[in-house]
């Protein structure tokens, strides 16, 4: 099992990015940082690397915010696990989030992130029709 | 208990509208038909009637489709129960649907609709933090 | 399959009792009406009839309210399905309700009651550790 | 919506078969009765009719029991909704049942069957990765 | 993200308190220890600190046990995440626990506690009507 | 709390076994390694040690594979938590897995395993009838 599950991360805030990076690495995941929403979409479309989940902040530099990146990811793979991180936009999740996603509100503990990614990956791997 | 729970319904197809109307009435709900997405949004914003759930087709006459009406409904009430009905757009639910919604694919049985509305209402009434 | 699943019902309000009785009967259940919380506890303890679920109003005549009857039922059978009906006490469910119960807020549609009972019975029959 | 969702039913007991047939029809489904487990597997493999769910008794005439038919159905379609009906074999579900299935214990109310089928169909239509 | 999510902990047993304290800290939470059930209720009512969850033993020194503290916490905030820890009282959870709570039976692994807190926090932050 | 929850592990691949062993130990569990499916069944039947969950690879040396060990474990305890690990057999879970089990697909992160075990243990300890 030389490979680790690669998690695509979009986070402009350097401090939060460091926390996310360390939490995922400690949990045994391999974080891959995208610099912007547009880059993340390009990486997901490219298909060179098999990303297993997306962790994204809501407010991003550039034209594409976190809500939009998640939609694009789901157009490519309808079962793609999505975790949103936000400080201010939590009340928008019910309207702008995608189904079966998890939203983490800042401040969050690293364990919450690792649990969120794990829950979505554990549920998603086999074909799970009903809950 | 003179009142019945009122369910807002947006369905252009007369045949389906009849099925939805009869199924909800038989289940003990009171269906309220909106002629378009725009009218539905106006009714939800008006707040004159306390709607308990939204049942909406995806492809609607006018500028606002079912995905958009659902988002508007959730901006007004983040816990509002949403049931989508669709013949062709099922694969878009994972990207365009709102969290905690149910999608019914045509053809569906009336019992599926009644169960979907009931499930969402039963889960939503009390403050249910975690599942 | 000569027997029907018997559902114990405690409801002082005659109008609601009639609705509950008819809804359960139409769904294929056999409602058994208890006149008070105390009588319901006696019936559950007696064990003469194998009740499959409890449907109870919150405000009851006598000393034992619906919250208390449910607790007693769970002391006898920890997996016993509980459905509360209430007009005014919905906000107390999170503090006074038992785990894995469903609360119906008046006005409710008969289909909601039948779906609630069915959901709990369908989930509860086999040993279902995790969800 | 000229078509109805077709539900494949395997039930040797004539009385139960009648109840299942009537409950599904009343709910708006179209029951299709298979005479044995072997015939059901043939029908599922044939692919002439798009069955939407399987309702099966456990003890069947012939060499293939309900546990086995369900496994075969899931080999053909990993997300296929399965509802088992049983009088005596409920305690075997945890070892012999397939994931995300529902078991109904006799006696059951027709509403339980209709709710079970509806729950599985409602959950299964869109790609639902995590619960 | 200078702040950490603060978790209120009531645990009389020094050894268990040490395990809980270390597990939460390692997970990135900030544990706040209350000396008794009464003190915990005072802290929750005071509202000086925004506690995100309650971890409580069942048997506590003083007049208020863990079941009661949880009820009080839910009266203040109906969506408040509750985790019970118990050695002997597990069979009472179905009657005395609050809805949507988690019970850990001793002996438990620290990872179980961290996962339990994370699951409840991840589910609870956005308005999640149905499961 | 001198004891730790003991998790029975069947994994032929030495590298994976090392990862599983370390992940469980770090999470605060006590892994107990069985050399084969047959030995695991013997240990579960023996009842000398109270195992709390089973983590098993699918392809095992000897006559009994992981699917079969899980069935045997569920015959002994219908609520026994099961986690499958597999590289190639993920698509067989829907047909061969037991209800309420979790399947981890290689490569997986250690955090996924710990979260999976914790989720099943947290859900399973109290009598949880409906989800």
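Each chain carries a letter (A, B, C, D, E and F) given by its place in the written order, and its residues are counted from 1.
Going forward, a contact is a pair of C-beta atoms (placed from the backbone, for glycine too) under 8 Å apart; a residue touches a chain by one contact, two chains touch by 3 or more.
What you see is a predicted model, and the numbers here were worked out from it, not measured in a lab.
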| item | value |
| --- | --- |
| Shortest chain-hopping distance from chain B out to chain F | 2 |
| Steps in the shortest chain-to-chain touch route ending at chain C and beginning at chain B | 1 |
| A-E or C-E, whichever has more C-beta pairs in contact | A-E |
| Rotational angle, Cα trace of chain D fitted to chain E, multiple of 5° | 180 |
| Maximum centroid distance from chain A, chain identifier (CA atoms) | C |
| Chain copies touching (chain B, chain D) - same or different residues, decided at half shared | different |
| Distance between chain centroids, defined by C-alpha means - chain A, chain C (Å) | 41 |
| Rounded Å distance, chain A centre to chain B centre (Cα mean) | 29 |
| Centre-to-centre distance between chain F and chain C (centres being mean Cα positions), rounded to whole Å | 37 |
| Shared interface positions of chain D, touching two or more other chains | 78-79, 91, 93-94, 97, 99-100, 114-115, 119, 126-127, 131 |
| Chain E residues within the chain F interface of the complex | 15-16, 19, 23, 90-91, 93-94, 97, 102-112, 114-116, 119, 131 |
| Chain E - residues contacting chain C, complex | 71-72, 74-75, 78-79, 91-101 |
| Footprint of chain C on chain B - complex, ascending | 1-5, 26-29, 114-115, 117-119, 121-122, 125-127, 131 |
